[in-house]
Amino acid sequence: MNHSKTEINNIQIAYIGGGSRGWAWGLMSDLALENKLSGTVKLYDIDYRAASKNAEIGNRLSKREDVSGKWNYEAVETIEDALIGSDFVIISILPGTFTEMESDVHLPEEYGIFQPVGDTVGPGGMIRALRTIPIYAGFAEKIRDFAPDAWVINYTNPMTLCTRTLYEVFPEIKAIGCCHEVFGTQKLLASMLEEVKWISNVNRRDIKVNVLGINHFTWIDQASYQGIDLFPLYREFVDRNYEEGFEGSEKNHWMNNHFASAQRVKFDLFRKFGLIAAAGDRHLAEFMPNNWYLKDLQTIQNWKFSLTDVSWRIQNQQKLAAQSDRLVNGKESFEINPTGEEGIDMIKALLGLEELVTNVNMPNHGQMGNIPTNSVVETNAIFGRDSIKPVLAGELPPEINNLVMRHVLNQETTLQAALQQDNEMAFRAFANDPLVNLPPHQAKELFNKMLENTKAYLPV
Amino acid sequence: MNHSKTEINNIQIAYIGGGSRGWAWGLMSDLALENKLSGTVKLYDIDYRAASKNAEIGNRLSKREDVSGKWNYEAVETIEDALIGSDFVIISILPGTFTEMESDVHLPEEYGIFQPVGDTVGPGGMIRALRTIPIYAGFAEKIRDFAPDAWVINYTNPMTLCTRTLYEVFPEIKAIGCCHEVFGTQKLLASMLEEVKWISNVNRRDIKVNVLGINHFTWIDQASYQGIDLFPLYREFVDRNYEEGFEGSEKNHWMNNHFASAQRVKFDLFRKFGLIAAAGDRHLAEFMPNNWYLKDLQTIQNWKFSLTDVSWRIQNQQKLAAQSDRLVNGKESFEINPTGEEGIDMIKALLGLEELVTNVNMPNHGQMGNIPTNSVVETNAIFGRDSIKPVLAGELPPEINNLVMRHVLNQETTLQAALQQDNEMAFRAFANDPLVNLPPHQAKELFNKMLENTKAYLPV
Amino acid sequence: MNHSKTEINNIQIAYIGGGSRGWAWGLMSDLALENKLSGTVKLYDIDYRAASKNAEIGNRLSKREDVSGKWNYEAVETIEDALIGSDFVIISILPGTFTEMESDVHLPEEYGIFQPVGDTVGPGGMIRALRTIPIYAGFAEKIRDFAPDAWVINYTNPMTLCTRTLYEVFPEIKAIGCCHEVFGTQKLLASMLEEVKWISNVNRRDIKVNVLGINHFTWIDQASYQGIDLFPLYREFVDRNYEEGFEGSEKNHWMNNHFASAQRVKFDLFRKFGLIAAAGDRHLAEFMPNNWYLKDLQTIQNWKFSLTDVSWRIQNQQKLAAQSDRLVNGKESFEINPTGEEGIDMIKALLGLEELVTNVNMPNHGQMGNIPTNSVVETNAIFGRDSIKPVLAGELPPEINNLVMRHVLNQETTLQAALQQDNEMAFRAFANDPLVNLPPHQAKELFNKMLENTKAYLPV
Amino acid sequence: MNHSKTEINNIQIAYIGGGSRGWAWGLMSDLALENKLSGTVKLYDIDYRAASKNAEIGNRLSKREDVSGKWNYEAVETIEDALIGSDFVIISILPGTFTEMESDVHLPEEYGIFQPVGDTVGPGGMIRALRTIPIYAGFAEKIRDFAPDAWVINYTNPMTLCTRTLYEVFPEIKAIGCCHEVFGTQKLLASMLEEVKWISNVNRRDIKVNVLGINHFTWIDQASYQGIDLFPLYREFVDRNYEEGFEGSEKNHWMNNHFASAQRVKFDLFRKFGLIAAAGDRHLAEFMPNNWYLKDLQTIQNWKFSLTDVSWRIQNQQKLAAQSDRLVNGKESFEINPTGEEGIDMIKALLGLEELVTNVNMPNHGQMGNIPTNSVVETNAIFGRDSIKPVLAGELPPEINNLVMRHVLNQETTLQAALQQDNEMAFRAFANDPLVNLPPHQAKELFNKMLENTKAYLPV
C-alpha cells in the first residue's frame, strides 16, 4: 500500500465469492463512491465465468467519468492467486446451491417446522452450517498460508459459525463478521423519532446503541440520540403500534429482502423481555421456541412477517444472471447506489483514515459477560489502524442470556461435530434446537433426510 | 462439643422439619446405630405437635439397650431455639402441603405435561421453587444470626435452589445439599458387576465414580471398581438390557419410592450421549424435552417408569401418622434400619473422625467447568475436620452441558424472580422449561393457575 | 437538566475539594470556554473559606463578557449540600496536609529511598493511601446516599486506590479516575513526529494509542497517526536520543509540574521491554525496583529527572493563596487558559453531546487480561450518553504484567488493610513494595515512623 | 498389565534418569517392599553404564528371599526403548553436571547473593531452568510419540517448570510433580503434637492439611489431627520455639539433606503471615526478598539453616559411585529402607488398588484461586484408577498470594524465554527475582556469566 496523508492507493482486496451478483455489485458501487481509496480487487469464485463477468463489469465502471473510486478488477482461477498480497479479504459465498437451500428451508415444513429464512439456526441453519464449516475451515487454512496478516470481512451466513470456524482453524486470524440487521433496527428507531418526536431525517449512525448477543439474535440495552434516552420513547412507540405493527420503509431493497415485516415480533419481545431485539422479525422468530411465532401458518400471518420461499430466490437469481450479461455487454448501465453496508468504512478505518465504532461479530474475549470465551458474539467495537477492539458490552439479563446461550452451546456443538465429521454429535445439537420440537425418532428422520440432501457438500 | 480420641459427645443438631416421619425417623435410626457420637437433637417444625411426637419416639429409642448411639431429642417451639448452640443443622421440610403439590404435579396434565415427580424442574418444580425460596431465604437469615458456624445439611427439593438460596442470602454459610440418587446408580453398577462379571455383594461405596452435573441430572464420566474400568461393561450391560430394561433391587424402600423403574431412560441416554446419567429415570425424564420420554402416557409406559400420584403420597402420609401414634404410645416398636443416607458419615467426617469422599451439592467455585460460578452443582468433595472441599470434576461434553445449562440458567432466573417477587421474570423461566412445550399464552394461563394455587405460600 | 438539541443547561456539579487553587481554577477556566453547557457548581471543601473565595472568583468570571460558559458557583458547608441534586461529582482533594506529605516523601530518604513524587506507590504512596482510603470510603457512602446516579470524576492520587475504594464501598457507583500522564506521552509522540518526520502541529488527540496498565504505570502497545505505525519511528527516536534524553515542551505548566524530565527512563524502559511507558519518568521510576533508577542521587541525576521537594509545594501553595486573594478582590484578572484536561469533554459526552474515546481508570471487568477482576486499571473507554464502556485493551507481555501485578496485588492488600484498619496487613504490602528494599526490621521501623506521622488522618 | 483382584503384574515402568544412585535406589527399595505389584523397570540414562549397574543392582535385589516385590530391571540405550509400552514414566535427572550447578549456586555469591539450594528460584534456579526446559520439552515430545497414555511422575527440580514444560509441549500429558517437602512439615506437626500435647508416634499421613502454593513455597491454611485443629497448637509451639528454633528429627536422611535447619524461617513466616509455610527453611528463604533471610552470612547463621555447598554434593556423588560398584559386585548388600516417598502409593492408586489423597504439582485448572490457569500449583489431589483430580484448595491471603504470584509470573516468563530461546526475555525474569537485588547492569553481568557457564546445555 502507498500512504499519502489523506489517500491510500494500491490496496489489494481478495474477494472470495467474487462471482456473486448482489454482494459483489454492492461492493463495486461503494468503492466507486469512495475517492480516498484505490487498488485492485481480485475476484475468486468456484464459478470462474461469473467472476470474469464481474471483473468486466467492474472495470467498465472504473472507466466512467462519474466514478471517483478507480479500481482494477481481476478474476483469478485459484484462491491462492486472490489471497497472495492481499490487504483485505472479503468473503461472501453461497454454501452449496439453491437445491440444498430448498431442502434446508422447506423440507422441515413436512414436520410442521416453518423457517422464514433458514440460514442461521433451526434445522435449515444447522444443516447449512454442516456444509459451510468445512468450506470455511479450508478458507482459514488458505488465509493462514497465503495472507496471514490480511483483515478478513465475512458476509456469509451462518455468520456466527463462519466466523467461529475461521478462528478455530487459524486462531491468529484477523477476521470479523458483518451484518446489517442492527442498522435496520437503528433505522426503526430513527422512524420512531419521527413518529413520536417529529424529529425527521435522523441518520441511523447518530442513533447510538449498545449491542450484545449473537448474530441475528442481538439485543440493544441502551439507545440514545443526542442526549435523549430512546427507551421510554420506544415503550410508547411499541404501545402505539403493538396490535397493528409498524410498516417500516426501505422494504424493497434488494440486499435486505424482508418483504412485509411489521416488527410485531420485535415489539412482543420488548414487552416480554424489556430490551430491543436488534434483527429483523424473520430472523428473531427462528431463535425462539417453535410454538411462539412459528407454530403454524396462521400464527405466522398474525405476527405479520413473511417466509422467503427459495423458489423466489431461484427466480431472482435468474433475473440477476440476465442483468449480468446486459451489464457485461453494455446493454445496461451499472447503477451506482450506496449499499448502506459498512465494509468500505471499515477498510478506511483499518487503514487509519478515520475512527469507526460499529457492531461486529468476533470471538468473545470478555466483551460480553456470561458467554463462553471464544464463542462469536456481536457487540460494538472500535476500528483504528490495523486494530479492531471490542467494547465491553456488559451482559444480558439472565432470561435473555438463557435463550442466547442455548444457541451458543448448540453452535459450539455443531462446530465440533462438523470439524470431527461426527453426525451423532451434530444430531444432538439438531435435536436441541428450539424449532426442532419433535420426538427423537422424528427428529432423527428429518435430520437424516436433510443430511442426505446436502451430502454433496460434506467431506467424505 | 467434647472431643476424646475416638468419640465426640455433646454434639448439638438442629433439625428443621423435625416433625417429619420419613426423614426424621431415618436420622434416629442412623444415630442409634453409631456409637462414636452422642448429644442432643433439637426438633423444630411448624407442626410443633409432630415434632413433640418425634422427640418422644426418639427418646424412647435412646433408652433401648440395643441402641448404641444415645441421643437426647427435644422439640422446640422456635427455629432460634433449635439453632442457638447447634453444631449441625439438618433441613428436611415439605414446602407447603400436599394440596400445593397436587397442583404442582397434576394441573399441568391438563396441558399435556406429565411429571413423574414434579419437585425439581418442569412446571411443578418451578412453582414449588417459587414458594420454597422465600422459606429458605428465611432459614438463611436465621442461620446467619443464630448459628453462623454450623454445618447445614439440606435434604429438601428442589435441592439445587434450596442450597443456592442459602448461599445467596448468607454467602458465608457452610451448607451442602445431599441426595441419594447417585448412590442408586452406584448400586446399579454393582448389580451390573454381578450380571456381567459374576462379582457379587459389591458395596456401592467401592464403585468409584466421577460425578458432575446438577442434582437429579448428574452424570458419571469415569467409573471403576478395584482397577476395572466400568464403562465397557456398562456398554455391554446396556446392550443386553436396552429393550426390556433392568429391574433393580431395593425398589420398595420407603424413602426411595421409585416404584417400577426399569432404567430404560438411563440406558437410552447412555446410547445417545455416551455417559452414565446418575439419577432415577423418573427424575431424568423431567430434564429432557417434553416429547422425548414424557410425550404421553403411552410413551411413558414404553419407557417403563411410573408417575407418582400425589394421592398416594397423601395416603402414605396418613399411614405414617397412625404409625407415629403407635410409636409414641409404645404400641409399635421402632425398627432400626440403616437408611443408606450419608448424613451421619458426613457429620463424623466434619468432626475429624474419618475422611470421606462423596458427592454433594455446592456452589460452583470451579469444581465443574463451563458452568457459571456460584450456581449449585453436584460433584464429589472431600470431607475433613470442619472442611468440605470439592474435587475438580472437569466438564461435561458440550451437548450434555448444553442440556444442563438450560436448567442452570432457568434456575438462576427462578431464584432472582422469587427473591425479587417478580412474576414476569418467573414466567420467563417457566416458559423456557423443556417440559413447558406450549404457546406463550397457554404457558401463561397454566403459570397463572399454578401460581394461584400456591399463593398461600408466597410473600405478599 | 434541560436538554435542547445542542445545549444543556441547569447542570449541577458537586466539586469536592472545591477550595483548591490549581484544579478548581482549571475547571473554571475550561467551563468558561465551553458554550454548550451551563449550570451550578457547588464547591465543598473542609476549608470552607477557601471554597467561598473560589465561589467569588468563579462568579466574577461568569460575569465577564469574554466568557461564553456562564456558571453559577456556590460554596456549601456540607458534602450533602454539594451532592444533593448533582449530575456530576468532581473530586480533587489533598489528603492530609503538606506536613503529612513531607513525611511521605522525605522521611524514607533517611533509609536511602528517594521518591520523585511519592503519592502513588513506594512508601510515600502507601502511607498516603492509608489515610486517603478512609476519606474516600466516606465519600462513597455519601455519594451512595445523596447522589447515587451522578457520574463521579476523580483527580486525587493515589488514583487507583481512590477509585478502587469508591467501588469497593459503593459497587454501583458510576466513577472514573482521570489523569493526564498519557496525554503527555501522546504529546511526546507528536514531538517525535516533528523531529523524525517533519510533521508539525500534530494534535495529541490524533495520536491514537492503545493504553493498558495502572495509573502512572500505563503502557502503550499500539500507536498510530493517520495510518502511520508509530512504533518503528519511536525506536528510531529512542536510538537518537537515548544518551542525552529529549527535553519536551510544556514543562512549566502549573498543573503538570514535571520540572526537567528528559524521558530517559521512558527510553530505557522501551529498550528493555519493547513498549512505550505512558507516564512521566518521575512516576515510572517509582514503580521499578529501587536500584534501577532511584538507587542514589547520582543515579537519579544520570537519568535526568528531578525530585519534587515538598518545600517547593509549600511555597507554591503560599503564592497561590496570595493570588487567590488578589483574584477575589479583583486586583488580578483571572486568566482563562484551557487546561488540557478532558473533564469537560467527558461531561459533554456523558450528556450525549458527542462521542469520546479516551483513557480512564475503572475497575477491570475484562478490559485488561491477566489482571484480577475489579482491580482498577487504565485503558481506553468510549463515552456516550450516561455510559462509559471500556475497550478491550488486551494484555501486557508477561514480564511487564509481572511488574504491574506486583503493584496491583500490593494495592489490593493496602485497600483491605486500610478498610480493616489492620496495620500488620498494611505493613506486609509496604515491605513488598519495590522501593522498600530493606531488611524487615528496618522496613518496620520506617513504616511505624511514617504511620505515626500520618496518624491524625487515620480512623481511631 | 494383568489385573487380578488384589495384585497387578506385568506393569512396565520407564525410569528416565535411571542411572541415578539416590532416587533409583530409593525406588528399588520401595518396590521391593510392595507385594501387590510386579513387572519391569526400564532404566534409561544418558550415562548408560550407570543405568546398567543399577539394572544389575535391582535384579540382584529381586532374587533375594526377603524381597516380596519382584521386578525385572533392564537398562536401555534409547528413551524410546524405555517409553514404548510403559504404563508409568518416572523422571529424575540431574540437568547438566555439578559443574553447572557449581556456577548456579556459588557464582552469585560474588554479587552478595547466597542460595541455600539454588535449584528452584533465585539466579541459580533460573539458570538451571533455562537448561532444563529444553530437555523436558524433548521428554514431552518423546512421551507424546511413544507413551501418550502413561502416567508421568516427575521428581526433578525446578519442579514447577519441569512439570509446566511437559504440559506446555504436550497438553494432553498425564503428568504430576512430586516433592516430599510437605511431608516434612506434616512430620514437624507430628513432633509438635508430641511436644505440646504429649501425643506420640503420630503418622504424618494422619496430619490432614490443606496445601496451596507452588512447589517449595507451599502453604498450609488448615491442619488437623483426629478432629483437633492444629493452628492454635502451632501458634503456641512457635511462641515456645521462636528464638531458639526447633531441631527436627530425620535430619540425616540421604534423600533429604537438610543439614541443620531449625525451622526459624518457618516460624517467622507464621508470625508475619499467619499460615504454615510447608517447605524446608532452605527453600523458603530463597523465595523471599534477598534481605529478609539471606542478606549475608551472619543473617543466615542467625536464622539457623545451612547452605549446601556443591563441593559436598560432588564428594557425596563419589562416595555413591564407589558404593554402586560394591553393590554390583556383591561386596555390599543393598539395604532396603522405605524412602517415605509416595511414588509407589501413587502407582497403586492409579491402578485402582486404593484411594489416595496427597499433595501434587499440576497445572491450575481452578484448584487454586487467584493464580493463572495452567500455571503449575501444588495442592491436594485424589488419586483413583487412571485419574488424578485436584481438590479445590481455595486461595491464599492476598499478601502471600502476592509473593507467590511474583514467582509464578517469573516462571511463566522463564518458560517462554527458554522455549523461544530469547535471552532478553529470560533476563527480564532474572532481574525481577527477589534475590537478584542488583542494579540492572550488575544483574546483566551476573546473568551473562551464569548463562555462559551453562551454555553447553542450551540449544544452539
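For reference, chains read A, B, C and D in written order, and residue numbers begin at 1 within each chain.
Just so it is clear, a residue touches a chain if its C-beta (ideal position, glycine included) is under 8 Å from a C-beta of that chain, and two chains touch if they have at least 3 such contacts.
These numbers come from a predicted model, not from an experiment.
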Of all other chains, the one whose Cα centre sits farthest from chain B: C
Centre-of-Cα separation between chain D and chain A, whole angstrom: 55
Cα-centroid distance, chain C relative to chain D, in whole angstrom: 47
Sequence positions of chain C contacting 2 or more other chains: none
Chain contact topology (line, ring, star, complete or other): ring
Touching pairs among all chains present in the structure: A-B, A-C, B-D, C-D
Residue ranges of chain D touching chain B (in the complex, touch as defined): 3, 5-6, 8, 208, 210, 222, 224-229, 351-353, 355, 357, 365-367, 369, 380, 382, 384-387, 389-394
Complex contacts: residues of chain A adjacent to chain B: 272-273, 289, 291-292, 295, 299, 370, 372, 398-399, 401-403, 405-406, 409-410, 412-413, 416, 425, 428-429, 431-432, 437-440
